[in-house]
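Both complexes below contain chain A, partnered by chain B and then by chain C.
Right, the complex of A and B next:
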């Protein structure tokens, strides 16, 4: 009897401990090479990084420094050449197409520089899309979509088509689409590059709020000064190499 | 699967005009195939019915030396009516004669038939009613060639059983309209009793037409069942069908090529969208499925659209019939001036299936490429 209780307790302890694990992305010795004509081109060189739950972090670096490549690998759209990338405990290199699709669908939201909204769908349908891949009922979907549209302040135009939206609105729809499934990780590749200052500030502030409310880990790439001011952690890349990793705008370092 | 169709539906509806253009082209071939196939079915049905009603009855018993397709067998191809068959059949004796309408000479086949018969639609009743010495009924094609009409008299010259020439005027007692050219073209019909008198070939016939189907075997005579008699016509229909399928293949081929093109272009133009689907968590094969479903759905829309304008058209045609050009009527083929198309369930179902399956395959072929797409490049729109 005592043994059973102890074993049970140990199980719970392990599970709770697992859930409590702060680290959700671990990057070890990541190298990515692309075939480049005859030879090879090294886009990322021996990157080592770790991200915890709820971080608001950004990759900074000039164009071509490897930001997008890194984000794509974390998002399981691409695979490492060498090294290991673990996202939510899953080794990216070992995932099948189906598993990585599942990972993206359930746990990772994407926001792109160009919003990549589905042109023939309404605002509502664009946001709903992510949920269609999961088994939510129409009622649940409606509730979740409208909630996500509230977050980004677009609940009043669910039936608009993407081509009728302004740039700022388009990107907000993209955020709602990425966030509606409440992913653990949100990947935003230069989300403000196509926006004017006012919209850029508004968007990043919105994301920061979602970051705080939903505990989503945000991973940016940017070279936008306006975004930098909101970041809590800045990782600088140059020619595929990490040159710095510092905590900013926060009183205490988390790691 | 359900999702793919849901999305495909949204995408196609969202694409608007482009969708309906594609569906329009596909629907056109769908309707044309249905129509022409229905036309052949109608022709087949009508042709068989007409052949039976006007010529074949329930089967024929032909004198062994008589071949309806060879005029040289007419002279000798006759014999006494087999006693056992007398009551069960309509007797016909065929002779080769000349007629002289307005001084021209025409060589025609003279068929003597029992004037009391009710088996064939040939209006032999008009022979009975006529008070002329030698009454004759002819088909309208014959009437046109000889420029004869009801009441006209025309000189006829024939040989009796000893080969001696004789001549007398024949009166046209009736002109009939039949879709079966073999009872019309180059042919006069008179009462068989009269012909027996004229030729001295009493009780002799070239062939007998059965009132009830019955296989008989009598030496000196060849039995042909209704089915055997219809065989050449069925062969003809078969050849027509092959001709039609070539037309259909071309037509459907063009429509499918358009669809194929649309798909290739659509995959090229929608790379970013494809990348986005994958980023949002669709597997590549789900995306392939989506694009294939879009193609398949084109065919469903085509069928929908086709039904919209096709059903009234096809239905109207079954009532109004399809006029066959004059030229085709002269060719000695059993074909009505108007064919009323018949659309059977298997025809409609088969055509729907053909269109849907071929459209699906044609959409799948280019969509397959998506499975090998690098999503990273697709999102950037840089793949192809």
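Right, the complex of A and C next:
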């Protein structure tokens, strides 16, 4: 009986502790290999990490170090070869295509290096697209889209086409599109690589603001010094291996 | 979502205008080619029917066996009664009597001495009875080169080439010399009312056209006629219908009387049966090949349309759209494009077919020395199957092409699609 009470207490403690730390991404012994001709190429090797709610973290490393592969797996665009990745309590390896899509649709936003806006649609429609996949009414969609455009300071140009936007504006639309559904996690792959210094700073500041206001976890891959200055946590990768994981720009570790 | 997709299709010309144009052109070509082949082949059949065979023909059994010799001695007698009976029993057919005969045309000078002579290929038809429709059927009025159509008995039309050879002018006299249906010699002088050119070497060589009443008197065949031709009122040869009428008529004739009337359908005459079979086979073959080729082109268009959008699929996947949903949206899009293109192509194809049905292509100069009975203008022919002959392959090929290209969404890993997005 005593042992049973102790075991129950331990479980309860673990659950409570997890709730306190608000861990939303857990990566355990993650290995990812790709076919390379007749052999195999190891992109990630036994990575172990966890991220809590509201983190502003960056993956740093040279090209080919495995940053994008890691983000793809966390974003459920790819699956691990070995190990386990849990996002919002869901094991990525076990998700079906449909469940992966659902996870991305409801809980994960993406921002890319080249913005990747749908060129035939207006700013408003690009942001609205993410909501079309959920069952929002036209009125609700309009309200949410305009709110997201206000966050990024583009509420005055909802009818512009992507080809009429500057690089900074394009990336801000991409942020609005990623944030409009208020995801728990936002994955940004080299988001400032195509921007000049002024725009890069503005974009990262905006992300930081959203990170604070909405408690969204931001996960970057970058080697842009300008971004690094804003990061709270920097994880360095080299040849698929994690070489460091340090907290910077914050007085205490969040999790 | 459909509205959202439609916006994309309409705004992106490479997704809408280009594929719709390719589909429309392919479908239009299929429709036009099909209509033209049908029209060209049908034109030859129709030409034979109008000038020689009718859709149905009633002659004596003996005449049928020797028809190439134009045997007026084996002509039908009691033609009036037979015509009345045919018109009563088969009102869906327009019945007319004609006699074809051969003889010599002699052109006398002012003193009555022969100025010129030539072999004539005579056709006697109901020219003076305007209600018979023979002038229109034989295209006589529009084939007139000089003069007018005969206005009274004793007037004749000659082919223009023949008249020129005999140095005849309008109003000149010309004497027919031949034999009656009883075998005795006959001569009758006609006034040349006009000349015609049908645009066919066979008819233009020595055609001599007179009214059937003149022929009956001249050939001593009172109330007789060489042939009674029947034309289905739709104006087009319909074999099943013709065979049904033939069967009903022939059931009631005496099989042992060689002078009893017998009915033939178009395919029984001038080897047209073989021609019809060949034409049908070749038409089906060529149209089939063409449809197949067009389908491959359209399928390829659908395929390329899908492949060049892998980047967009990557974005949509990242935004949380499922692969199945993207695939289905591609099919809906291809269906819309296929429908639009096929509809436009069918409309264009039918419009061109109608234009070619009215105007046609004049090919008379290419076969001026041919002895084959062919129309001088090849026209298209509209038929109900043109409404779907291009439409169905156009729609199916577009959707099928997109179905195949869309499989790439499933075959490629999501992250791989994503990589293509980054490129």
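Of note:
By definition in this document, the second predicted complex is superposed on the first by the 233 of 255 C-alpha atoms of A that agree within 3 Å, B and C clash if a C-alpha of one lies under 4 Å from a C-alpha of the other, contacts with A are read in each partner's own complex, and residues count from 1 in each chain.
Operating definition for what follows: a contact is a pair of C-beta atoms (placed from the backbone, for glycine too) under 8 Å apart; a residue touches a chain by one contact, two chains touch by 3 or more.
Note that the structure is a prediction, hence the values are computed from the model and not measured.
Superposition of the two structures on chain A shows chain C clashing with chain B. By the touch criterion defined above, A:35 reaches neither chain B nor chain C. Once the two complexes are overlaid on the shared chain, A:125 sits against chain B and chain C alike.
Touch criterion met: A:97 reaches chain B and chain C at once.
Once both structures are laid onto chain A, the chain C stretch out of 55-63, 163-171, 271-279 or 361-369 that overlaps chain B is 55-63. Residues 72, 75, 77-78, 97-98, 101-106, 110, 112, 114, 116, 118-121, 125, 129-130, 132-133, 177 of chain A are contacted both by chain B in one complex and by chain C in the other. The residues of chain C lying in touch with chain A in their complex are 1, 4, 7-8, 11-12, 15, 311-312, 314-325, 413-415, 418, 421-422.
On the chain A side of its complex with chain C, the touching residues are 69, 72, 75, 77-78, 97-98, 100-106, 108, 110, 112-114, 116, 118-121, 125, 129-130, 132-133, 177. Across the complex, chain A meets chain B through its residues 72, 75, 77-78, 97-98, 101-106, 110, 112, 114, 116, 118-121, 125, 129-130, 132-133, 177.
Against chain A, in their complex, chain B makes its touches with residues 3, 6-7, 10-11, 13-15, 272-273, 275-276, 278-286, 375-376, 379.
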